[in-house]
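These notes open a run of structures that come right after.
Presented sequentially are two complexes of chain A, the first with chain B as partner and the second with chain C.
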Partner chain A sequence: MREFRYERPATVAEAIRAVSHDPEADFLAGGTTEVDLMKDGVFHPDLLVDITRLPLRGVRRNGTMLQVGALTTMEELAADRTLVERAPFVVEALLRGASAQLRNMATIGGNLLQRTRCRYFRDPAVPACNKREPGSGCEAVNSVARMHAILGASPACIALHASDLAVPLVALDAVVHIQSEEGERLVPLTQFYLMPGETPDRENVLRHGELITAIDIPLPPPGTRSIYLKIRDRASYEFALTSAAVAVIMDGGVIKEARVAMGGIGTIPWRCFEAEEVLREAPATPDTFRSAADGTIRDPFVVPGTAFKVELAKRTLIRALTEVTS
Partner chain B sequence: MTTLTVNGTEYPLDLADPRVTLLDALRDRLDLTGTKKGCDQGACGACTVLSDGRRILACLTLAAQCDGREITTIEGLESHPMQDAFVRHDAFQCGYCTSGQIMSAVALLGENRAGTDADIREYMSGNLCRCGAYSNIVAAVREVARNA
Partner chain C sequence: MTTIQQPRILGAGVNRVDGPLKVTGQARYPNDFNLPGMAYAAVVRSTIPSGRIRRMDTTAAEKSPGVLEVITHENADHLGEAPPSFVKNPQPPLQDDVIRFYGQYIAVVVADTQQNATAAARRIEVEYDRHEALLDPHDPRAERIKDPWGEDTAWGDVRTALNRAPVMIDQTYTTSENTNNPLGLFTTVASWDGDTLTLHDSNQWPNMIQQVVAAMFGVPRDAVRVLTPFVGGGFGAGLRCWSHIPLAVMAARHVGRPVKLELTRPEMFTGLGHRTASINWIRLGATRDGRLTAIEHESLTTLPLDGDEYEPCSSVSTWSYASPNVTTRDQQVRLNIPWTNFMRAPGDAQGNFALESAIDELAWEVGLDPLEIRLLNYAEVDPKTGRPWSSNALRQCLEVGARRFGWSERNPEIRSMRDGHELVGYGVAGVSFFWYQQPCSARVIVKGDGSAYVRSAVTDIGTGTYTIMAQLAAGLLGLEVDQVEMQLGDSSMPVGTAAGGSGLTAALGSAVHDACGRLIQKFVDLAGTDPFSPLANVPFEDIEVSEGRLFRKGEPTRGESLARILAVHGLTELSADGNSTPNSPEQLGMTPAGARGARFVEVRVDEDLGRIRVARIVTVNDGGRILNEKLARSQILGGTVGGVGMALFEETVTDKDTGRIANATFGDYLIPVNADIPDVHIEFVGEPDAFNPIGVKGVGEIGLVGVAPAIANGIFHATGKRIRALPITMDMLMD
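Here is the complex of A and B:
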């Protein structure tokens, strides 16, 4: 690990000022991605500004919304009774991610900002990674790939967004509170992430010195059924090959309202607007589910190692829809 | 000087270089070598300790972040029934993952997540055992949970 300075300011404003005024500085929260990448030599800030003791922790009910402090840990949010009752698929996504130890450390803000698990990004000995070294190429596209994206990908980058939590949160239209020296701005999570295009090094709309302070989670109406289905190589403690977050309101055998997002397939958490369109006011039948799946996996960018994900993703969504509507 | 509180004892620690992880501080500076360094990357769980009663990974925690926290390591368990159960159920072979397994299992009891074998497997999944002693680990945890 390269040398760095460590500071722990007492207020949010001081923390933001400290990072803003040093282009090589960064915030430190749970550290589960950041410290790991520092050990790997992928990430080398000259200043870490520890925000873990700032008063940005806790969950508050605000009408039909949960306001989650950015420093709330994954375990703390998973234990929130309102969330368990009203949006259990968010809790399922939380508890199917990482391990209990990591979930006690990792924060909600940090979870949304976790870096890709692409092994080439994480290995500085690999010269070609546009995310790590803009303009250097993409080893994953030309070499062995498997845990990679098939939607939103480009020849410049097929790195996957690995968060489980972000999947139901984009489905629910969660909103991110972002604080900077200039003030606060709110960004819908569906507009927070950037697809790689020609600039895979830019993953989201955050500017240097901006800090996520809270996430608003709109609660789905009472009576909503939801599911987070995660398909992976082993039963626990593994990232998704594919996943589906689905929330529906049923009227008999008809789907009145549907919110759908998928993980494990996109360079960003993938909101499935086409599927929602297909499902709305449609009978809950295998034909409906198949066309929702076909509408989602459109024009995938595949390399030999990721070709299996096209059908796997469709089946994942079909199974999630079948289970949640039956 | 930073003060680290481990198993109820306060240790002054010079962290002029903040790269020191909690794991390295425990092992190399406080001579508490019960906490093991496996992957050192947050993947294996061998370095599991408790911070204010919650299980965390010492390898991804900077020691500088731990002042004011109550850290508990395997040395801080005083003849916990879980240790005895691990011995009786032969819940290890090489033993390298064992202190992490035990710390995780002790936390699991506090989290009330040892209701079924499936729960034990799920909520112990952050602790890998390359010898594959899993079935005996589950048996040890199950027994302690039932007697709790």
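Here is the complex of A and C:
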């Protein structure tokens, strides 16, 4: 086998130090993406620093905030009563995001960092992938691409960010706690992910050695209605073709406040600020929903396999808005 | 799920006799075998579809930890030609530097562990001279083979009939490539002992593997023993001797140790073949009241560069419905693609989708109920020869299915039924499956204690062969099922045929029937030599057998147990060999009919999103006599799931420039999950078939056929959209 070293430090500081001082080192949490990619020959870390036993697990209520330890599993977070009550669309995203087996292994920090499912990224026999080999090109653009992005995409990369969980979390303005040898910094999830641009290999603002320790989820006010609508070919065990996370506060037939994000269409989890603008103080009518949808899908970059997603995404959002406001 | 009992044709639904072994992990599949001193092999596959290997650098691989051997075309053994079975087998691997498809084996690495073999295999560097590949079936440079099997058929005058037909349907229907995807990863464990070879191997036909490997390695057939008592599914994938098998055998010879070669899931996509994509062009001529006057069906399917395949999509149009004028033609086109191969209902699955879609279109065209048009055109006799069928309960399948489904409650207008966002549609399809049977043999032995065992080289791919043959033999010998032990999946046993083509039950069952008859005869003869036997002087025709005893018909007390007869004659056991050969239609004056069936589905289509859901399925089948109701139901249910997959999900996607299969994982190649499968009502109708002595027709494949067109026809009823390409996905249904 291809050999690598494995360490299991006792403290967060030691783990961060171990990775920071070895450019070929990586953290290992649930491993549900990372180990697959190692087996497939896409990742070749020389050192894996196992953080699974570090005290970064658990969900705490902190006023109007839910502070989620990065090593909390998807299943644990999905069972959190406060979340079920106050932001059920996060729970729906978790439950639709993976099978029970995966939810018991995968962590919340790792979920936010999951790598794209692009078939061209995941097969090292494909020479052209800017995400895997910077500067090598993009095979997906010229090939069969159904599960790919239409927003934030470019000829350099159309890889989709496949997380379901991240979609409602960007809608709620979740905040990521990032620890490094220099200390802690907080980054809003809406600013955490990077557009591929010319450097699709850089997916987020994390620098080598930085570790996500927690995620703050602001709880929407009581009375908020929310939905996570996930559209896919088969009924389960598949990534989204399109998805919409919507939370609204209603006053009669008028939308007072709206949070909207979409998945399955963006190179990053897509916060839909334009849609929120349209919806705020607007009547919950089909016309409102249509113009929110039109405002969201602007200047899509499509290839033949993804062209249908432009309209599907709009209708997905319209359906989500219709259901959550009715 | 429910099943209505039809006792006349239904055998007891006893549990699988191998069930306890399987659920307790004691059934050993090929990849469960680990032999002392065993080494592990990993394959290297080409990453271009066409060209030559200019240079291979194996230095790093050879120096890699634990590596014992690296075999490429430069140091591979020269192997003998692979003999054909009923189709070609792949020629021996690593015999030249030519690349014929993306994913072709170009090296095998042997090491002390699987991990070391896999890591070393990745260190092999290859330079190619790349040639332009033929990947598009419409490429004019690609070789076309007309009438590949000499089965193109014509009767009457289709041209004139179509010209004169008041109503005509003229459409093209396409199906995608699908991959068999048995759950068990195909594995070969090869072990040489001098010049004799033992293989634990995943396949559907141990004697075929034995024959091919013996020929390739130049050893007598008896020097090769293939063991396949259990295999983790096949769906047709195990019907050829694929190239990883000789690679494992060659590797074992090179390193002088047993070698295990287990394919990975992505390797299963390129290494075991796949169901060919198909283009079907159909023209139907009919009277205004919907009676068929002409059927013209042409198909185009694909072939690898150096293989062949029997996939007669158009044949279904020669036996499904009555028409005075019929023409069918098949064509194949050779491409730089991995091997096409049998996959559950080869040819039939695709051809039936086309024909049953076209018949549905005709029904709408003439304003006839889609159920009625199928009943109207029911073929009372074989339309090709005019001979009677050996059995054909298609009409009953349609009628019973319609009642169970509640077809009459359907509003015949399109887009007329809805439930919230969903448009609701009802679809129907008829199924007339091919008939297939090959020679087979078996040995039946009764032991001193009166119990029996049955041996044949055939394997049980999970369909229930162990169980139904134990039931059959028990019935014929007058024993309880648990008194019959089955021994299968060993090439050294009496020669058996393939577990394929839905033909094993008839082939092996007829052989077991023959052997049991001969064995009873032997017992009767033996008893006849004993003047004190109560059976002395009783003619064979007057013998009955029950509860382990032979007795004179009508005189249950005048008899003797099998055990006693053996004891009296000082024998520890008595055996008889049985053989079966398919009957001749000419001699019997009838046409053998494969299974028949009808599918009724309720589909729901989200009007805005195009999302498709199958809400209900009723599947009624005529499989002749059903030996075990529970296992037959299991076959139909599994086939139904495969049919939903073919209709809505499954598509092996190939990159158009490189010929690489782009979705060779279970995450990317979509097969239905439980939540995609609704309530399935399964029912059997019909009569014991007259073409073989045990009255069976085989139900391993028919469950899949007809599901796709029933869904497509239901989608048309729901939405008014006629989709003529599989799989049907939501983007096709969004307005």
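Here, the second predicted complex is superposed on the first by the 325 of 326 C-alpha atoms of A that agree within 3 Å, B and C clash if a C-alpha of one lies under 4 Å from a C-alpha of the other, contacts with A are read in each partner's own complex, and residues count from 1 in each chain.
The rule we apply is simple: a residue touches a chain if its C-beta (ideal position, glycine included) is under 8 Å from a C-beta of that chain, and two chains touch if they have at least 3 such contacts.
This is a predicted model, so every value here is computed, not measured.
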item	value
Which superposed partner A:F308 touches (first chain B, second chain C, both, neither)	second
Partner chain in contact with A:T316 - chain B first, chain C second, else both or neither	second
Which of chain B and chain C A:A125 touches, first, second, both or neither	second
First (chain B), second (chain C), both or neither touched by A:T52	first
Partner chain(s) touched by A:S236 [first = chain B, second = chain C, both, neither]	both
Touching partner for A:M1 - first (chain B), second (chain C), both, neither	both
Touched partner set for A:R117, first chain B, second chain C, both or neither	second
Interface residues of chain A shared between complexes with chain B and chain C	1, 3, 235-237
Residue ranges of chain C in contact with chain A within the complex	47, 65, 113, 115-116, 118-119, 122, 421, 608-611, 613, 648-649, 653-657, 660, 662-663, 667-668, 670, 672-673, 675-676, 729-731, 734
Residues of chain A defined as touching chain B within the complex	1, 3-6, 8, 28, 31-32, 35-36, 39-40, 48, 50, 52, 75, 98-102, 104-105, 235-237
Residues on chain B engaged by chain A in the complex (per definition of touch)	15, 17-19, 21, 40-42, 45, 48, 51, 54-57, 60-62, 64-65, 104, 107-108, 111, 113, 121-123, 125-127
Residues of chain A touching chain C in the complex	1-3, 41, 117, 119-120, 123, 125-126, 139, 142-144, 147, 231, 233-238, 241, 308, 311-312, 315-316, 318-319
